[in-house]
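Two complexes, one shared chain (chain A), two partners (chain B, chain C).
Entry: the complex of A and B
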């Protein structure tokens, strides 16, 4: 088990290295604007630009620049260009909003998605299954940028049930925290509910044909015991791996759109603004700390998968 | 006292896009206490469907079941799901063909056996169930049972898994054991061990065992009686000796003739039964075997009943119009039993 975890974490370092090199190259080899020029302002003299280049090291060779930037990432000394503030501090400040959003959404999509898939699979082919399939497909098909305005217009503007955006820390007012997050949560979760429902349903239908399910029936288990202990339990294995990817992907991707749409000042929003301004340090910071988090989550998912599947855990093949 | 398991007039049909597939077409079987009845036939002859229907596991959509399955006199066909659930594992236990896939890979073997006990005896504590499983593992010859109950299926060899499967089947001391090709997926030496185990348990525990197989070698090893199935029907039924030394139905001759025997000189080329089994979608009227039977004659267009035709063997029944004397003559091929064209 320990060896498995170590192997997985070593792979993670390689992935992070590749991500950082790629990002660095995208921002330095394809510059939209000279960062020194940007820092110096519009009406700057060439001398000022040159001195800024000197000060920030923009005239060093690319490998040197990369190494110095990585040094700053590792020591948490990244500084953004304008305003000149500490990137790590900015990110840490926004983490609670982003985690509130993504963890809440993940809980909703897991609970509802798995319930949807389970009920569909148990009633496969029946009218309830067809109805739920329609719901799932609708959820998958509606884009986030459409859900959010509709939610905001109907539930916030017209009916006034929920606030229209912003973030209230949990420690400040738990009820306000909750009401401000309900719409963003569902906006993020709706797509995933549909996907998880479909994936679990099809996996369960496959599993139902396994010999061990027939064995479970033959030993006299009730239909519900057969479904939960044997069919559902085994069908959850691929869901765990999928969830590790999707949860990371949500934090790194989808949450950015949702945060922008609901003016939630989270890490995603910070990264979106920095990208728009072509500021490398915040983007590098968010991407690398984010990638670290995503890869860590994947490793956790893999370890969880290994824990749930003894064939992986014990490192033997399941002949 | 009625026999532990009586199957009468069982018909199982599956509705498919092409029509109704009559997988089982009027099967009568009586399984007696303490005996091993071998149900023999090639793939698709309906032997497994017969067994699965007996415990109500043929529940697919579009299945049509008629007839009667009685367990100790109690009708199971059409019984409540709750009643059937109580029967499965508790009174009729099953051992399946492939021990590689018949256990759930994510649970420990002992826990899976204990699950059967707990499903029927909910008041048993986990520790008691475990102790019972350890004892069962010992009884079926799994070495070091105390430790092995905590193994996962993939840590067991095929033969050991099948022993665990048999332990699970015996856990609740059922009256009837249905073993569906229990040795087919195992290698030959392990096959012999598993058969020896099944035979011993059958004697020791007074079980009634229905052994489904396509292998006459397996039949010879453990069976007391044999029923031969072809195209969804029983075509011949008798004691082991009757079937092996005085087979009445030409299909049985063909099966016996195509079996390799160590006590006989090996024929130049292992004989086979010509042709292929008929489509179960549209069985022609009359004997289903007549298309492949070199001895077929006009009467075969009409279905012969499963009847005893030998005065000295009252329990020996078959479905063939040929006269017993003619059968004894025609099945002799080069000094052995076989199904070859007459006059060759």
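Entry: the complex of A and C
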């Protein structure tokens, strides 16, 4: 078990390294414009550009630039170009909004997604199953681009039930915090409900064919007991891995469009703005912060998976 | 009359090829057939763009009408009023002009734009999905056939691609290339080219298509018929092309269909944030980003393109699901595999 965990965490470090190198290259090699020129502005003198290059280290070789940037990332001294502010501070400031969005949405999608999958699997093939499968496919297919404008227009502008965006810290006003987040939560959760419902349903249908389920029935357990104790429990394993990634992703700020549509100033929104302004340091900071969460939760989920299912850690079922 | 030879016995199932049987199974799936009809309608809708533009609306997708007036029920109305707000939907009141209203300060015809933008969205979605599938098939065949270090290199690359914050990367590269274009040796692509979003989406979607295909190739290489082909002296190209590839057909068809849906969502996300399709081209995602600013007064400007994306993605997902169950009746899964990648569990980091 310990060896499995160590191997998994070592893999995580390699992935993070690869992510940082790739991102660095994307931002240093691809842009047509020299970042020093960009910082200096249009009507700048060559001397000014040269001094900016000197100051920020743009004239160093690429490996040197990479090392100095990573040094700053690790010590938390990364500074964005314009305005010149501490990137780590900016990210930390926005974590509560992103975390509130992620946790609330995750609760909704887990509860509703698992309920949908369970009911669907228990009634497999019947009209209820077909209805719920239809709901799941619709959920998967409706992008946040449609959900958010419809929610905003109907529930906010027309009916005035919910505010139209923004974020109020929980410590400031719990009720306002809640009302500001209801729409983003559901917007983000709808897609996931469909995916989780379908994954659970298909896993449960597979599990139902296992011998141990037949044994459980033969022992005389009630249908409900067979379903919850044997089928559901064993079908939840892949959900653990899936959840680790999805939740890691939303915490990491991948809900960029949801955050931007609801003017929720979270980590994703920060990354989107920085990308649009071509600021490498914030994007690097967010991406590494994000990749860290994604990879960490992925590893945690894998380890949890291995802990729950000995076949995985013994390498029998590790595909 | 000579009796029928035993091989031609009226075994109804055996009398038809697997494709014909799959086709019949697909046609029995009402949801899939309805979805296919819907998809055809959407394609016809975008193909009809020039017809609508020339004969009904009388304007082009990028023609500005800021200072123009149109006649509605004998009354003159500003396309863009003094406060800078555009005309709302006119439906057929102005003879089909400004059917969905005007799109903002520029006063362009929203309906005409919607139709033309759909062409771009579909083109990018289909283009990226085809490119991804082609790359995925080539890489999977190489990995599965040669194994060893070739497989390790390909599999690890896919793993790294898999764990990247894909959307953020796509965003960064998209904006970078949109500003500067791309010049690699003799190839020069300008910043506004559709090849840029197509390429970005294709590369970042690769793991979702390549991983399941690769694992299928690997299980196929252990089959006896490949050994037989090699024993007959078939070289690597022949084995890959005429022995392995035909067995991958159904997987490729299903995953390409689902990849179109995912690529269109990816494109919409990139374009929404300004890193995908660039003006003067337009796409549904780009139209939404313009429309949300006017959501309060003209909700259709954001909702109409959003609805088009949804209908297209929904129809493609249902078609993909229907193809899956028609081509592989034993499988019970579909969309979630394209999302979770069939082998290990991982959702697409599509835009959320």
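Note that the second predicted complex is superposed on the first by the 305 of 319 C-alpha atoms of A that agree within 3 Å, B and C clash if a C-alpha of one lies under 4 Å from a C-alpha of the other, contacts with A are read in each partner's own complex, and residues count from 1 in each chain.
The rule is simple: contacts are C-beta pairs under 8 Å (C-beta built on N, C-alpha and C of every residue); 3 or more make two chains touch, one makes a residue touch a chain.
Here the structure is a predicted model, which means the values were calculated and not measured.
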Inset, instruction - Label the relationship between chain B and chain C on chain A in the superposed model as either fit or clash. - result: fit
Legend entry - When both partners are placed on the shared chain, which of chain B and chain C touches more of chain A: C
Inset, instruction - Figure out whether A:191 sits in contact with chain B (first) or chain C (second), or with both, or with neither. - result: second
Legend entry - chain A as apex of chain B and chain C, Cα-centre angle in degrees (nearest 10): 80
Legend entry - First, second, both or neither for A:57, with chain B first and chain C second: neither
Inset, instruction - Please work out whether A:134 is in contact with chain B alone, chain C alone, both, or neither, and reply first, second, both or neither. - result: second
Inset, instruction - Mind working out whether A:309 is in touch with chain B, chain C, both or neither, as first, second, both or neither? - result: first
Inset, instruction - Based on the superposed arrangement, let me know which partner A:169 touches: chain B (first), chain C (second), both, or neither? - result: neither
Inset, instruction - Could you look at A:220 and tell me whether it touches chain B, chain C, both or neither (first, second, both, neither)? - result: first
Inset, instruction - If you've got the overlay open, could you tell me the nearest Cα approach between chain B and chain C in whole angstrom? - result: 11
Inset, instruction - State which residues of chain A lie in both footprints, the one left by chain B and the one left by chain C. - result: 319
Inset, instruction - Could you please specify the touching residues of chain A with respect to chain C in the complex? - result: 15, 18-19, 22-23, 26-27, 30-33, 134, 137-138, 140-146, 149-150, 152-153, 157, 188, 191, 195, 198-199, 202, 205-206, 238, 241-242, 245-246, 249-250, 252-258, 260-261, 271-272, 275-276, 278, 283, 286-287, 290-291, 294-295, 298, 319
Inset, instruction - Note which residues of chain B are touching chain A in the complex, please. - result: 55, 57, 61, 81, 85-90, 93-94, 96, 98, 100-106, 115-116, 119-120, 152, 154-155, 165, 168
Legend entry - Residue ranges of chain C touching chain A (in the complex, touch as defined): 31, 159-160, 163-165, 167-169, 171-173, 175-177, 179-181, 215, 261, 265, 268-269, 272-275, 285, 288, 291-292, 295-296, 299, 302-303, 305-307, 309-310, 313-314, 317-318, 321, 332-336, 339-340, 343-347, 349, 351-352
Legend entry - chain B contact footprint on chain A (complex, rising order): 125, 210-212, 214-223, 225, 229-230, 233-234, 237, 308-311, 314, 316-319
